[in-house]
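Chains: A, B and C, in written order; residue numbering restarts at 1 for each.
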């Protein structure tokens, strides 16, 4: 009861228990999601294989190496439907119905609350196929897992997940001003679909765009490089920095939006 | 769909002033389109964002241009750029979202009053799709202009015949997609979880329609398989017409006609059975 | 109010001005708006000051748009005041410190915080964690509050399956689980039937008694106010118009009382005018409006002079007075 961390952890456990109960309440059709995940995987593999006919390679990545990237992408898609979409879409609803007031009156960080309340089982099949593909493809690429490699990969996956979260949260925050901007999330998703392929598969100008402006490179290519054991230390540090920067930015932007909300709402 | 045109005659109420069906239909269409256009104008910000969300062909173009696979296919950068721009444009005007709207209307209880009107609800949805496309048009033109600004070497003007054929194919492709959505929307009468189907149908749409790769790049067996489905007709066929690629034009239009006729029949049957069921449940 | 203890709610010159962008309708208006924005300042709350002592139950009255909700939101810290100062339980509300939030609660009749698809009990468990209440204690509190609210198994049923009244009770329970000292209630009985209203009312009185909590309540139903609040604040067009008892408010709004006479025989109208303003005179039933300070004298005079069969003195109903005030939109 005393320490705040314990309180946040307990809240989280309760929230997720509640979220799961909610899923069971509507009996989400998980079977359908399994089918969708498999169909998606087959489609992605087919599409990728089109670039590999006749001994060609994609941006200097071998077939199994590119599969690791695809695995990371699939994993992130799964995380999106399990965590990001269910939570961040509620911000729009809160703003529309005025129930954001209740969130702001709880003695708990509002960003934490809005980012963790929901949890959906929908993305689990994709998380599973993504992880499976990553592990299988890395083995196929002849990677021997060492603890150091594993740590590195997990760290980069964490950084990529946080970066993805920051991007989503930034877009979701804009709905404090314009409810309609929630659709911008679909634009973001379409743009992030570039992460299916290693960044070196793109022309130089696009590559710069996807590294500097929209950090797609840090979402999938960097974690895949880590898993393949060829990530250099500067890139590792850069990736961590980008993730922290994204997180800080999302936090600052939320505080700014909130200041606007609390001084302007009626 | 067809039964709806007769709806005004079948309702059994005495007519005050007999209107010729064509005249009546024209009036209804004009009123519907005008109101739906006004409504969609309110949503122009969303329409712009939806238009931007269709940028997958551009991402794929970037990969294809850089990959030697494009050259192996016999499609140089120019041809690839034209194909994917055409795919983007065609996709913009063949999007349909009947299912989502219909499900919401059914859940919110707006369906019953619509069933009481002597107009099939799907006509209303058709009008709002057309209105939305009218709003989309300037956005799409702008994006295309930007595209040529970035890649000026890809600029082309299709021949008048090709342009007309592509327009016809795009309209038919839209109708086909609209009917696919209508047939699935009818399933709302049986299940309340139809929106999950939306997700399933999106997968072949992405991979088989030609949005992500020209069908010419598919292995022959896969291409034959894809051509048995309606998906390549939705993007690949009109896009190749527009981009000036080699096409079996007659076969494409025949396939469109057959699919549209079949789905029209299916939707009519499903709708009748569905409404009967809806009535039986006393909703 | 005798300042024997320090006030728990303090408002000093509280003001809120919104800047509203003015836009003409139509495309031309939109374009002009885009090029050159014009703003109108709308004062929602102007220079409102009052103090509330711990344990008081205060009714907050005013027509729609008078600034009640804006004031409540400033006191709960949801919006920043444009000018003036608010102090609740010793905290500046808009800093929204955790210790402040633990001491207050806000219940809005038209909004709900509980999860629609789940039993209230699940939401309550989450709230218990958020407010750092341990399991045994939260069990005890839920049990006690449920008893006070006369609730049983409803807490275990998904919220969407409850009636409006049951849902409101569950909302109250959730809002009070952390045992706040200050309750801000915005239309807590909105849309409820008469029985449910009465139950919510008696619960609030009970809660106030038992825990000494301070309550600031807005309601459209005057019965809520008359039953619960010895003191009322009336806000009109953003300004505090009255702070005192309901009775005093009635006196201010209606300086006259109504005297209804039933006479044994008809009486000339002109001679009646000497006693007060004649509101109506139908046959032998006369209704007179007489100033409060002259009432006693006038009544004894009436009884002496006229063949009175029956006499009744009453206040015009407060609802009517305030309603009239709201409709007219002007105060004398």
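In the analysis below, contacts are C-beta pairs under 8 Å (C-beta built on N, C-alpha and C of every residue); 3 or more make two chains touch, one makes a residue touch a chain.
These numbers come from a predicted model, not from an experiment.
Asks: Whose Cα centre is nearest the centre of all Cα atoms in view?
Replies: Centre-most chain by C-alpha means: A.
Asks: Which chain's C-alpha centroid is most distant from that of subunit A?
Replies: C
Asks: Using Cα averages as centroids, what's the distance between subunit A and subunit C in whole Å?
Replies: 47
Asks: For subunit A versus subunit B, what separation do you get between their C-alpha means, in angstrom?
Replies: For subunit A versus subunit B, the centre distance works out to 30 Å.
Asks: For subunit B versus subunit C, what separation do you get between their C-alpha means, in angstrom?
Replies: Roughly 54 Å separates the two chain centres.
Asks: Tell me, which residues of subunit A touch at least two other chains?
Replies: none
Asks: Help me check something: in the complex, which residues belonging to subunit A touch subunit B?
Replies: Its residues touching subunit B are 29, 32-33, 35-36, 39-40, 43-44, 46-47, 50-54, 56, 58-59, 178, 180-181, 183-184, 186-187, 189-191, 193-194, 197, 201-203, 206.
Asks: Which bits of subunit A are touching subunit C when the two form their complex?
Replies: 1, 7, 10-11, 13-15, 17-18, 21-22, 25-26, 97-99, 101-102, 104-108, 262-266
Asks: So in the complex, the part of subunit B that touches subunit A is made up of which residues?
Replies: Against subunit A, subunit B makes touches at 43, 45-46, 49-50, 52-56, 59, 62-63, 65-69, 72, 193, 196, 199-200, 203-204, 206-207, 212-213, 217-219, 222.
Asks: Spell out the part of subunit C that touches subunit A in their complex, as residue ranges.
Replies: 18, 44, 69-70, 73, 76-80, 94, 96, 98-99, 101-102, 104-106, 108, 111-113, 115, 117-118, 122-123, 125-126, 128-134, 158
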